[in-house]
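Each of the two complexes below includes chain A, the first together with chain B, the second together with chain C.
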Partner chain A sequence: MDIDASEGSSVAAWQCVDVIDNAHKRTVRSVAFEPTQGRTLATASFDGTTAIWEKGDETYECVATLEGHDNEAKCVAWAASGQLLATCGRDKSVWIWESNGEGDFDCVSVLMEHTQDVKMVLWHPKQELLVSFSYDDTIRVWREDDDDWVSAATITGHKSTVWGGAFSPQGDYLASVSDDRTVRVWTQHTAGNAAAAGSDDGFYYRPDTTYKCVAVVPDSVHTRAIYSVSWASSPPTSGDAGGSSTALADLGYLATGCGDNSLRVFGVARQAEESTSGDLDVVLVCTQENAHGLSDINCVQWNPVYPGWLATSGDDGIIRIWHLDAMT
Partner chain B sequence: MSFSGGLRLTDLNDYITPGQECIKPVEVKKTGSASGSQIKVDHTGDYYEVTKDGEETKLEAARITLNDCLACSGCVTSAETVLITMQSHHELLAVLEENRRLRGLGENDKAKHVVVTVAPQSRASLAVKHNISPLSVAKRMTAVLKEMGVDHVFDSAFTRDLTLVESAREFVERFRGSKGQMGDGLSLPVLSSWCPGWVCYAEKTHAEVLPWMSTTKSSQQTMGVVIKDYLAKKLGVLPSQIYHVAVMMCYDKKLEASRDDFYSDIYKTRDVDCVVTTGEFDRMLSEAGISLTSVPELRLDSLFKADTNRDCLYSSAGTSAGGGLEYVMSYAARVLFGIDISPEQIATCGRAESTHPLIDVKAVRNQSDHREISLLDPTTRKPCLQFAAVYGFRHLQNLVRKLKSGRAVYHYIEVAACPSACSNGGGQIQPEDPSPAAKKQWVADTERTYVTSGEYELPENNPALSELIYDWFGAEGLDSQMAKQALHTQFRGIVAKANSLGVSW
Partner chain C sequence: MPRKKTDKFVVLRDNEVVTHLVPGLFPAGRQSEWTEQNRTITFALHPLSTRVAIAVAGKQPSECLSKKTPVFEQDQVVHVCGMAALPDERLPFVNDTHAVFAALQGIMEAAGGEAAGELVAVGIDGLLRMSALYREAMLRQVRVLQEAGAPSEFIVSEIETFQSMHAVWHLLEIIYLTTNMPGLSISIVPHFMEWLNLNFPAPSSEDGQRIVDSLGTESLALNTDLWPYLKKLALRGHVATLANMLERVAPAQELSSSAARWARDIARVARDMPLGSNEETSGSFNARWRRWNEELQNTVSAIDSLISGGKQPEANDAELESLYAIADVMRGNADAISAESKSWQDMLGAILLYSEPTSQADRLPSLAGIMVEQFQASEFSVLDRALVALLNHELPEFLVYCNQIDTWLSAHISDLMDHISILDMCRATFAVDPREHYLLALGESYLSHENLWRVGLDYLGLIGSQAGNSVMEEYAMRIPLESDTKAQQVLRMCDKFKLLRAKDRIHRQLGRQKWQRGRLGAAISHFAQVSDRRAVGQICDQLWDEYLATGELSYGPTIDGVMASGLRHDRLQFLTKYRDFHECYKVGEFADAGKILLHILLSEIAPPYAIADLLVDAIPLLEGDELVFDSDATFELMRCAETLLTQPPPASGTVDQGEMSIFSVACARNLARSFLV
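Then we have the complex of A and B:
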C-alpha cells in the first residue's frame, strides 16, 4: 500500500481562493468552518481573541470578536449543530459560546479545571459533548448539566502533554495523541458491563461513566511527539486490496502527524470474536517518512467526503495532499 | 484556596517572564549620584554604592512585602497565593497571644484593641453547617471571640445599611446628571463595586468600564473606616492601636483589604488588617477544639445606645449579593418618580415568589444568575428604571461585551463574581459531599438561610445608623465633605506592560 503526494495531478489541483489579511494581531493558531452551512469561519489567535467571519459576496467579513481568554487562544471548534463554539487556551480554560442568532455569541460557560495549557478542543460528531486535551497530561470530557457545563470525566493515562485527538466517525471511540509518543484509543465503560464497551453506548455520558483505554500504539512506533490525528471510516470497498484491508480496519483508519517528520496510517479493527474485553487492534499500514522533508508534521486531516484523501501541513510551510491507494 | 473565576483567570499566572511583571524592585529610590559610581559587596553580603571620591553609601535592599504584591495587581502567581495564608486566622491568634503577653507584663497601653466584623453571608454559612439559626451563630461567635480576647464583635450588615443609603444617593445624583441616559461619557449605567473579584477583574482586563463603577465603598471597607476613624476617636486611641479583623465569605476580600486606597500613610495602618474566610474561622474553632454549638450565647455587641438591647439581626431585603439592587431601586423609585415600593417587594418579585404590577422580572436565557428587573411607570406601563443582576463569571463576560458594544440598556447593574453571589463565595464552608448536586443544594440552603436571617429593616429606620452618621459627620451628615471622603473610593485600570523580553510569536 502506498501513499503518494499527488503533485501535478489535475485531480488534485488546489487553488487559494481568498486571503484574509491582518485578521489578527498575532499567530492565527486554529481555524474551523461552521459545519452546517459552511459560510462562517471561526479563527482563534495567540492574541487571545476568536474572530467570526461570514462569507459575503466578495470576501470574508469579521462579524464578531470573542474576547475573554487572558492569553493565547489555542483552538476553536464548532459543535455539529453549528450553534455552539468552544475555545481553549494557555490560560488553562475552556470557553463555550452559543450563537445568539444575530451573528454574535454569548458566553455560556468558562471551564477552569485543567491545571495547564489546553491545546485542543473537540466536539463529539453527534452529541453535545466536548473533549479537551491539555499540557497537564489529561483529557477532559465536558457535558451540559442543567444550565451550565460541568466536567463529566477526566481521562488519564498519557504520560505527557496530550496534543490532540479525533473521534471515530460514529463517535463511539476517541483517539488521542501525545508528547509521550503514543496513540491511545478510549471508549466509554460502564462498570460491570465490559461487553457494552464500544457498542451502542459509544461515547455517551451516563452518571456512572468512566472511560477506558482499548488500544495503545506503543511509543516505539513514533519516535517523536505526535501532534495530530485524524480518523476516517473504511470506505465501501471492492477488489482484492480493499477486501483484505476491510478486515484489518473495520473501524477505519487513523492518520498521525509526528515530530519525527513521518506521516503514518493505521488500520483500526475490533479484535477477534472471542475477545470480550472490547479492546481494539491498531495496526500500522503504511509510513511516509519525511513527508514534509526534514520538518515536523503539525496537522493531518482526512478528507471528510472523498475516501483515501488526506491533507497534511508541516513546519516547512507547505500543505500536501495525499492519496492512499488501498482506500479506494 | 479558591479565588473567584475572574481572578483565577487573569491574576493567577504561573508564566511570568523574567524581570517583567514585578515592578517593585524598580521603585527603590536611587541615591541620585552622578554617573561613574560602582557597586561593592562586602563580606556580610551588604551592597554599597561607591562614588568616584570613594564615599560609600549602603544600599537599601529592595523589599517586596506581601501587601506590595497583593495590591499591585500586576501579577499574583499561584506560588504567592501561599503567602496569602499569612493573612489568616493564625495572624489573629498571634495578635491575641501578644496582647495576653503584654497585659501579663502590665503593658496594657501597648496591647491592641481587637475588633472582629462578621459578614451576614458568613453567618448563614456557619448556620447551615452547624444547623442553628444565624442569630444564634452571631451570639455564639460573640461569646467565643470575646472569650479568646477580642474586644468587640460587630456585624458588617450595619455598615451595609450605610453603603446602601450612600449607593442610592450616588445613583440618584448620577441619574439626574445624565437625565437617565446611559453610554460612553455618561454617568450611567452605575455598576456596583462592592465585589472585589469584579473590581480586580475589571481593573485588570476591562478598564473601559471603570468610569461607570459606583464609588461607594463596600460594607467591609466602610466598617474599616468606622473602626479606624470613628471608633479610634471614641476610644481615644491611635488607629494603629486597633487590630481589625473581618470574617468574610471569600478570598478576594483579602485582596480588597490590601488595596493602597485603604491604607493610611499617616497612621501606618490598614482599615481592615486581616480578612479571615468563613472556612478559616470554622477551622480556627475546630483546631482549638471548640464546637460552636456548645458555646453559650452572649448578647450582641454594639457601639450605639440606640441598639444596645437589640436581640435580632439587621437584614436587608435581597439576595446574598447584599440587597443593593432592591434598595437602590426602591429609593430611586420614590425620589425620582414618586413611586412607593419597598425593597422587600422588589426582592420577592426577583425571587419569583410574588408579582407586583409595577415590577417586571426577566431571567435572561432562563438563567437565575442573570436577571433583568424593571420598574414600570404606573401610567404608561413603560420601564422607567431598568436594573440588572449579573452573578458569575460567564454572565459577567456577556455583560462586559454588551457594555463595550453599547448594548447594555440598564441604569444600574448589581455584579457579583460568583454564581449565586456571596452564598457561594470561595471562602464559605463546603458541604461534606463534593458532588455537584450536593453543592447546589448546600448553596441553595445557605441562600435561603441568609434571606431569612433577620428582620428586614430599612436603613432609614435604623436608629443606630442615624446616631453614627450625625455623631461622626456632624449636622451635615452624609452631605458633608468628611462623609464623601470616608465613604467613597476610586479605581485604576492596570496597563499591560510592554513585554520587551518575551518573543511575540
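Then we have the complex of A and C:
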C-alpha cells in the first residue's frame, strides 16, 4: 500500500467559502455537520455551550444555543437520523438533545455515569445507540429506554484515558483508542452463542448482551497516546476480481492519529474460517511518519463518499488530505 | 493468507496543493508558540465531503489554563472551506456537452452489445459526428465569452482554456478519426493545415486588413508589414490570397522591374498549386505536384542567380530577397521554412504542405520530433506539450497534459479515446483506469455545484464502473432534499441507476420527516416502499390512539391513499376494516357492521390493545332492536372476551371491568334472543 500526500492529478484547490465569526467566547473544541442535509453545523466550545448554525442563502446563522454543561464541552456528535445530538464535557456528563424540527433543541437526557471527564461521544451509524469515551478509562454504551436514556453497558479493558473511537462501516464493531497506546476492537457477545457474535444486529443492545474485545493492536506499535481513529470500507479496486488486498481487509481500513506524529493505516479482516472465536485480524499496512512534521495528529477522518481519501489535522495547524493507493 | 510488509513511502511535496486561510490562524513560522498557547486545529467533513469546517481547538482542559492565557479572536472563528466551484459561465457548456456525452454512451452501448466500444460497430463517422458536436460546443463557448464585453482576467483565461481544449480535441479528431477511415488511405496534410489555420490563425485578419487598406496609397513602400505578411501567407499555404496580393503589389512604383516580374511569376505559380481531390488518383496528383515543385525550383534558382550575381540593383533588392524567401518556402526548403517559422506548428505545417503533401498520420511522430528539436522545448506551454505528446502518439503523457489544461478535457477525451479503442495502452501505464479516474473527478466537481447534481450523478452512473456507482450511491444518500420535487427527482435517479441502498435511506428519511410533521399517510407510503413493517405498524398505532383520544374517526382518507399502493399490512387492514365498520354503523346498516366487526376479531388482524375496544363496540349491536349476531357469532364474541381476560394485562391493554361486565350481560341476552328466532 502507498499513501501519497497529493490532491491527485486534478489541480483544483480548496477555498474558504464561509466564515462564522464569534462562534463562542472561548476556543471552539469540536465541530460537526448534520449528516442528512449538511446544512446545519454544530460547534461545541470551551465555554460549555454548543451552538447550532444553519446555512441560509448567504451565510451561516446561529439558530440555537444549547447550554447546560458546567464547563467546557469537549465533543458534539449528530445521530445518523439528524434528529438527535449528543454533547459531552469535562463535567463528566453526556447530554442528549432532540431536534423538534423547527431549529430548536430540547434536552432529552443528562447522563452522569462517567467518573471523569468525557472526551468524545459517537453515535452508531444505523441505530439510536450512543457511545462515550472517557478519562476514567471506560467506554459506555447508552440506549433509549421508554423516552429516557440509560447506560446499557460499560466496556472496560483500556488501561488509560480512552480518547475516542469509530464504528465499522456496517456498525457491527467498535474500535477505540487510548492513552495506553492500544487500539481495541469490540463487538457484542451474546452468552452461549458464539456464532451470533457479529450477526445482523451487530452492536445492538439486547438484555443478555455483553461486549467483548476481538482484537488489540499492541502498545508496541504506537509509541505515544493515540488521539483519533476512523474506520472506512476498503475502496473497490477497479477491475480487480477480489484479489489478496481485499481479503486482507474485508472489514475495511482503520486509520489512527497519534502523539508520536505518525499516521497509520491498518487492514481489518475476519480470521480464517476455522476460528470460531469471532476474533479479527488487525494488520498494519502503512505508516506515514511525521505526517504533520513534529506535531501530534489530533484528528483523522476517512472521506465518507470517496473511498481511499483521508483527512488529518495536526498541532502544526495544518489539515492534510491523503490518498491511499493500492499498489498492484 | 500472505501478509504484506509495511512500506515506507515518499511524500511528493511538489504535487501538494496548499490553501492558506485568510485571515490566518497564527503568524507564519510560529507554530511552536501556537502549541504553547494551547491551540491546535480541528475539522469536520461535510457529509457530502465537498466541504470541511475548520476551527481552532484547545489541547489542555480549560481548568489547566491560567486566567492569563489569552483568548484570540481567531479562536472564535469557524472557517468552512470547499473545492472551488464551477463558474456559472460554464453552465451552458456543461449542459450541452453532457447531452453529447450521454448520447455517445448510448449509441456505443446500443451498437456494441458486449463489445461496446468496437470501432467497426458504430462506424467512425458516428464518432466523428459526436466529436464535431463537442467541438461546436467549445467554439460556441469561446464566441459567447468573446462577446462578453470588457474581458476580465477570468474571461481571458477561460477563452484561452477553451481555445486550447479545442486545439487539442481537433488534432486528435483528425489523426484518429478523420484520416482513420478503414480501407482508405487519407492524407493528413490538408486536414493538418485546416487544423493549424483554424486554431492558430496567422497572419491575423487585422494585419491583412491594414495592408489591404494601404495598397494603392503612397504608404505601400513604407509599409514594413507587407513582406512579413506575404511570407506568412506563403508559410500557411494561403496561396490564393498570396497570389492576389502579389498581383496588386507588382505594379507599385517602388518595386524594381525584376521584383515586379518575379512577383507576377510567383503569383502565377501560387495559383497553380495542385490541390488533391477524391477523384484524382495519387499517381496523377503526385505527377502534377512534382511538376509544380520543379517550376518553383527553377524560380528559386533564377532569383538566386539574380541576387548573387552581384549586379545592382538586384543585389540589394530587399523585395527581391523576400520573393526569393517566399519561393524557397513554397518549394519545401526546410531551412527557409525554419527561418520564417515562429512556432513548431508553423514549421510542421509548411514542411508537410510543401515537401510531403500526401503524408499520412503515421509520418507525424518523426516529423514532430525534428520540429521540436529546433524550438526551445523548455519554454513550451502545457498546450504545446499536449499537442506534441499527441503527435508522438505518447498517449499517457498526452492525458496528463490534458488534465492540466482542464478537467473537462481529460474526462471527455479519455472517454472518446476509449470508444476509438486507443485508451488501452494508457491503462497499462496508469495505476488506475484513466477514463474512470477523470470522469469521477469531473462528476465530483459537478456535484459540488448546486444546480448540477443531476448532471454529476449522471456522469458517475455512465462511467459504468463499480467505483463510480459506489460514489454515486454515497452521494445520493446525502443530497439535501429541500423539497418534495427534488426528493422525487433523486428517487428517480436512484431507480435509473438501481441505487437500492440510497433509495432505502431516502425513503426512511422522508418517512421520518413526514411522520414528525404529522403527514402520516405520506409517512406510511415511504416506509411501505422499503417494507419497514415496524414503522408502518407504529404509525397505525398512532392513528388508532388519536382516534381513541378524539373519538372521531378521521384517518380514513389518510389510509385510503396508502391502501391504493397495495401494501399488505395487518394494521392497515385493521384500520381500513374498522373504518368500514364505522361507516356501516353510521348509516344504520347494523347487520353489515356486525359482520365486519366479527370478521376483524376472527381474522386476528386486530392489535391486542384494541380488542377490548372492539368488544365494547359490539355492545350496542348486541342490545339493539335488530338481531345482528346469531348464536354462533355470539359464542365467538364471548370466546374473544374470555381469551382477552385470561391474558396477562399488558398484552391486552387496559380492560375496563365495568364495560366487560356490560358486554357479558349483553352477550347473554343476545344469546337468549337468538335462540328464540
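By definition in this document, the second predicted complex is superposed on the first by the 315 of 328 C-alpha atoms of A that agree within 3 Å, B and C clash if a C-alpha of one lies under 4 Å from a C-alpha of the other, contacts with A are read in each partner's own complex, and residues count from 1 in each chain.
We adopt the following convention: a residue touches a chain if its C-beta (ideal position, glycine included) is under 8 Å from a C-beta of that chain, and two chains touch if they have at least 3 such contacts.
Fair warning: this is a prediction, and the values are worked out from it, not measured in the lab.
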item	value
Chain B versus chain C as contact partner of A:Pro235, first or second or both or neither	second
Which superposed partner A:Val150 touches (first chain B, second chain C, both, neither)	first
Touched partner set for A:Gln83, first chain B, second chain C, both or neither	second
Partner chain(s) touched by A:Val283 [first = chain B, second = chain C, both, neither]	second
Partner chain in contact with A:Glu54 - chain B first, chain C second, else both or neither	neither
First, second, both or neither for A:Val305, with chain B first and chain C second	second
Which superposed partner A:Ile319 touches (first chain B, second chain C, both, neither)	second
First (chain B), second (chain C), both or neither touched by A:Asp21	second
Partner chain(s) touched by A:Phe46 [first = chain B, second = chain C, both, neither]	both
If touched residues of chain A are counted for chain B and for chain C, the larger one	C
Set of chain A residues, in rising order, touched by both chain B and chain C	26-27, 46, 71, 90
Complex contact set, residues of chain B against chain A	5, 8-10, 13, 15, 205, 365-367, 393-395, 397-398, 401, 419, 436, 504-505
Residue numbers on chain A that touch chain C, as the complex places them	1-39, 41, 43, 46, 53, 60, 71-72, 81-83, 90, 101, 117, 235-236, 238-239, 244, 247-248, 272, 283-288, 295-296, 298-299, 301, 303-307, 309, 311, 313-319, 325, 327-328
Contacting residues of chain C [partner chain A, same complex]	1-4, 6-13, 15-17, 19, 21-22, 25-26, 31, 34-35, 39-49, 51-59, 61-63, 71, 75-85, 400, 403-404, 407, 431-433, 436-437, 441, 444-445, 465-467, 470-471, 474-475, 478, 480-482, 509, 512, 516-517
Touching residues on chain A, where the partner in the complex is chain B	26-27, 46, 67-68, 70-71, 90-91, 93, 106-110, 112, 145, 147-148, 150
